[in-house]
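Next, two complexes with subunit A in common: one pairs it with subunit B, the other with subunit C.
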Partner chain A sequence: MINRRNFLTTVALGTASAAVLAACGQPSPAQTGSAENPVTINYTWWGNDDRAERTRKAIALFESKNPDIKVNGNFTDFAGYWQKRATEAAGGGLPDVMQWDLSYLRDYGQRNQLLDLSTVKIDTSAFDKSLLPSGQIRGKTYGIPTSTNAFAVYYDPAKLASLGISEPDGSWTYDEYNAFLTEVGTKSGGALFGSSDYTSVWWMFNIWLRQQNIEAFTEDGKLGFSKDDLKEWWNKVADLRGTPAIISEERITQLLPKSAFGSNATASEVTWDNFMAGYLGDSGAKELKLVPVPSDDPDNLGLFLKPSMLMVASAKTKNKDAAARFIDFMVNDPEVGQIFKTSRGVPASKTQRDGTTFEGTDKLVVDYEKSIEKYLKDAPEPPIVGFGTLEASFKRISADLNFGKLDVNGAADAWFKEAEDLIKQNA
Partner chain B sequence: MTTIANPTTSVADTQAPHYNPKSETAGAKRLKSIIFHVVALAVTAVVLYPALWMIASSFKPNAEIGGSNTSLWSSNFSFDNFVTAMEGIGGVSTMTFFTNSLILALGAVVGTILSASVSAYAFARIKFPGRSMFFGMMIATLLLPFHVVIIPQYIIFNQLGLVDTYIPLLVGKFLAADAFFVFLMVQFMRNLPAELDEAARIDGAGHARIFGSIMLPLMKPALISTSIFSFIWSWNDFLGPLLYLNTPEKYPLPLALRLFVDQTQSSDYGAMIAMSVLALLPVLVFFLVFQRYIVEGVSTQGLKG
Partner chain C sequence: MTQSPTLSRRSTSSDLPQPRKSRQRGADTRAGYTFLLPWLLGFIALTVGPMISSLYLSFTNYNLFEPPKWIGLDNYISLFQDERFLQSVGVTVSYVVFGTPIKLAAALAIAMLLNSKRKGQGFYRSAFYAPSLIGASVSIAIVWKAMFGDSGPVDQSLSFFGINLGGWVGNPSMTMPMFILLTVWQFGAPMVIFLAGLKQIPGELYEAASMDGAGPIRKFFNITWPMLSPVIFFNLLMETIHAFQIFNAAYIISNGEGGPAGSTLFYTLYLYLRGFSDFRMGYASAMAWLLVIVVGIITLIFFRTSKSWVHYSGDSK
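And now, the complex of A and B:
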């Protein structure tokens, strides 16, 4: 019935014709537009309804200021966004300008899919110098940050008040933070947990390493810390696991898709400061507050600004200048800041930040980033290829630790093995 | 009952009556029937609970969905989620998403019915050179995982300039690329008696006439099940539209649904669930309308032969 030889021939023919077709798509010379005959660039982003509405306004503003360029906007959700980009990258059809996430920058940059933005005209004079390296790989600028976020401890003041616990001021050691979590758990009689296991959060671990001046990844993409560092980290809450200080993994799973903090099951949480709107929406809380992360060295909090998203251009774009002008507009224009407020994060460019008025929650996040300004150090380089997998396995293995399936030694061994395999694969 | 010959049973008979299902009283029968229905209802409730949860949640405020809220009904009952869902996303109305989904789904049904039935007729009734080879190749495409062909297909459609049109999503349906349906119809047709075709041929009918007047009417059950599956698959397809459509005005419902839930910002679960409920309705209606014919088809098949 199935004739293998014929089948193979058919497949080979199909592949060959695809290759021929692909060869037809040679880049044509750069085009310039005019008001009567504008060039069209494609811009794509991920995000919800709210971001789509804001982006539409920003595009309309750009088009009215630049009548020679037309921007075609399109959007999908975050997970679908990367499936679509991977297919387009393989098929040579990436859009001209894209909203980008830091964890995918090195992957696409190294494969020469992204345009080196230092070769086109984009004004970066208003950017904090500690921030720009996070969009650069081996001397090439692949991404310009639109906005920043920073790590913080969230807490719900209303819940603390009802338990009679005074609000933290954010200058605390890990022992003090642990004591705070325990106090929440015991005073509420187990009705409210202190937090989810903060040692299961990769970025919190990364910050703790920075507090001791250890880089998580070396410049050549290897691990910069030892297994003992990781064991010491996971042992930080060894006494709290299984107590009301830390919510159990079973409960967290029951609460999905919402987070424990968003479901009002815990009183505090460590994460990025731009999750504020999401937490407020999920929990229905009136007010949430932000304080810096704990540190045993009060002068070194290990904090940094991370680009919450970047703007990149496709290496194959036929309209480099138009793409550059659009990126420049999106990151620098004060009116764009006014449109987005903090929905992308706190605007990275000073001109955009100064041109925006922040109120309510927005102001809280901006004020937090201002309050930690003196502690900020250089942002880490773009994460290594496959970082997303490492971050996920860090969380998964920590969960096993909380389930009691692994002890700290076994967990550290398991994570190191996965990390070393992955780094070897991508080397 | 041969046990009458056994003397021990006669002793037993005097002590207690033998269990005999036929001699059961009407009361016991009713009890059994009640137990059966209660168990059946309980199982149905378990199976249908997710649907019930979805419908109940669509009337809840966002903050009360999921998380630590375990009650099914909320005291804050409202239609707000449906209002939000119908407002659309990023300036595109929800009706546009519905229309797009309908165009794609009906296009898929029409295309699959036309192309798969013709191809199946060829495979089942016409002897042509290489028939078994082509049939084998068609079955081989069933074994090919979809993910293997994504990128080559994308490259072809991209170079042809067909990305961001419905053509990549529909052209395969009109070319009988869904081997599953072709196979289904071939199997169905092989079971139809060949004498019918022969009789028609004697009366002077050609292939077109035999196909149109004899085969198609007899294949109604297969056509109906193909329509139902083809409709539901196309209606729920996410990856195809995700890869091939760029303009939000062309998005079908599954893409739009995802836009309410965004891990990087706030998620509107309420609106997403409300829209899921709405998105479910056409599939449900489609199924209810055609389900009758499936049962009909099975029973006519049973009469045959």
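And now, the complex of A and C:
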């Protein structure tokens, strides 16, 4: 893994190669390829073997349609992905085209590592106008969404039936959701928990803020909510912590790397709708269902479609044109939709969505996103620089809350201290 | 840890090679440095160079993307206001303070058992040494995690005796004992060195002591301990330094997060998270240098105090 020497070496090599590359980073004329002499672009993504196989199919298809471009593909898991990109960016060697996550768009976009895609030819006419801003920062387009996902409550109908609990209809307040969690815990005698602590999920907090028309981050990269908002949020389940309504943090840690819901330890979970296939695989459940998140205002569910992933290009790519053609193909081509189905989320481009046939689980996800259409608001702006860190500390501090290491006031103080420190650091 | 200090009696002058003519000696020196060259180059390019650059970075705000910004001692100052940093210091110190002595005691005890001549001795030595060969590997950390998990073998065997602790992995107060057990289990390397040291203690000393009516405990404290003290000192030093650097097991068992409730947030793990997850390379470099300094000071203290309890043969004490 790593020891101090490796770590220092990596840092040093990164610094050294940055210097070398800066020296030879003279602008070179744009390259164009031909079928006899194709240009090569590098593409990288994160994901499992399933996604790798699908991506390789899509690349092969692209190459057969564009004989003047060769795509050199490479992938890793999600955590390792960002460490690798950071070192590459330090050395000026980011791949030409990359799969990207919203959490890291500002970190790289604002620091001039990504290409402004409005300067190249990519067709965005088939995209929902409310979705595109989530790939834009200060008027520049750094990412094109491949697909969307939305927040939902998952539940396992078979588990509810065995406890004699009726299925939720998807319109509920927080009190009703809490009552539901308690009922699961009580009726199962503690054998099955209601859910994991839903207040520990950053995006659920974000949705709750939006239900009260508060944006989590302001335009100028500061926090848009107060400490009291956060306290109120964490207090929502104050009475449920330590009861069978909510699974303990000890158990969750034991079950890792599987989730509590995927391990059949809980009856419900709030998270992104494109996790469906993963949950089905992990839990072996015959069927899982999706309903909207709770809200105290039945007309404002705070829901939005988020780009589940984006396509970006390196600012230093020498093959802008080829990179743009590849991105355009990956987000718009109906055959690519047919290859990925909903494994990247629901295709964002209408051309691609309409060209894809959805069956079984894929259909459940698409149907859910259709069913919440009337509640959807604009996707939030790309979160602030360093958001990945904030999201992780939100989860960690929530866990401390469940371990009883902190009370709600202490937890809110701790998170705000870290957030303010980070915002100051990146200002 | 390749060489062990030797306890042999001082060589008499007749054993020493006679000094050669100085010209030949110069040629020997050149040849020596030539053979050292690959290692020296590696040492300068891969260790000294990076260390100097990290020393510089520790005084900067460096996020890997933008050029480092000089901020003086700010990183070092904010370290001491960072609760997570203080927590990581606490976790690491308790690991070093409890883990190292227990590990050394186990190593010495087993070495003494294996020192006596009996059947199958070679087999036992190999068997006890084996865990330290594989102990630092990724796979063992994964096995350890499974063993101490909910309804894992450890939980089940303890339940059999009526001790219901549940899984250790998810319980913040049980993770440290688990890590200490993991390190104690890898006592092989210090054990081999102890064994080598025990073999060098002359048997006459024990015989003479027996004649005078000394029991085993008396023999241990009056013969074994002082005669072995240079080896004990060496092992204590190496194992302490080693313990400060624990990373692999912590990274794997806690999924790289230092949980549950920060109970496995070892120093190096927090350093890594700061550098590669939060992109605060300057802060991480400051942490690395602080560790180097503290380990250096501890080593110095060990050497200073060693004079009072480490005995080398031939000493007038």
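Operating definition for what follows: the second predicted complex is superposed on the first by the 403 of 427 C-alpha atoms of A that agree within 3 Å, B and C clash if a C-alpha of one lies under 4 Å from a C-alpha of the other, contacts with A are read in each partner's own complex, and residues count from 1 in each chain.
In this section, a contact is a pair of C-beta atoms (placed from the backbone, for glycine too) under 8 Å apart; a residue touches a chain by one contact, two chains touch by 3 or more.
Note that the structure is predicted; figures quoted are calculated from it, not measured.
With both structures placed on the common chain, the touch criterion links A:N300 to neither subunit B nor subunit C. Residue contacts after overlaying the shared chain place A:N74 against subunit B, while subunit C stays out of touching range. In the superposition on chain A, contact is made by A:N264 with subunit B only, not with subunit C.
Of the two partner chains placed by superposition, A:T186 touches none, neither subunit B nor subunit C.
After overlaying the two complexes on the shared chain, residue contacts for A:S371 are found with neither subunit B nor subunit C.
Counting the residues of subunit A touched by each of subunit B and subunit C gives the higher count for B. Once the two complexes are overlaid on the shared chain, A:A52 sits against subunit B while remaining clear of subunit C. Judged by the touch definition given at the top, the superposed model places A:A90 against both subunit B and subunit C. In the superposition on chain A, A:S343 contacts subunit B only, with no contact to subunit C. Residue overlap on subunit A between its contacts with subunit B in one complex and with subunit C in the other: 1-3, 7, 14-15, 79, 83, 87, 90, 256-257.
Contacts from subunit A toward subunit B in the complex involve residues 1-3, 6-7, 10, 14-15, 17-18, 21-22, 24-25, 42, 44, 46-53, 55-56, 72-80, 83-84, 87-88, 90-93, 95, 255-258, 262-265, 277-278, 280-284, 343.
Within the complex formed with subunit C, the subunit A residues making contact are 1-5, 7-9, 11-15, 79, 82-83, 86-87, 89-90, 107-108, 111, 113, 249-254, 256-257, 386, 388-389, 392, 396, 399-400, 403, 405, 414, 422, 425-426.
Taken in their complex, subunit B has these residues touching subunit A: 61-64, 66-69, 89-91, 132-133, 135-137, 139-140, 150-152, 154-156, 158-160, 163, 238-239, 242-243, 246-248, 255, 258-269, 271.
Interface residues of subunit C facing subunit A in the complex, by the touch rule stated above, are 46-47, 49-51, 53-54, 57, 61, 63-66, 83, 138, 149-150, 166-167, 169-172, 245, 247-248, 251-252, 255-257, 259-262, 268, 271-272, 275-281, 284-285, 288, 291.
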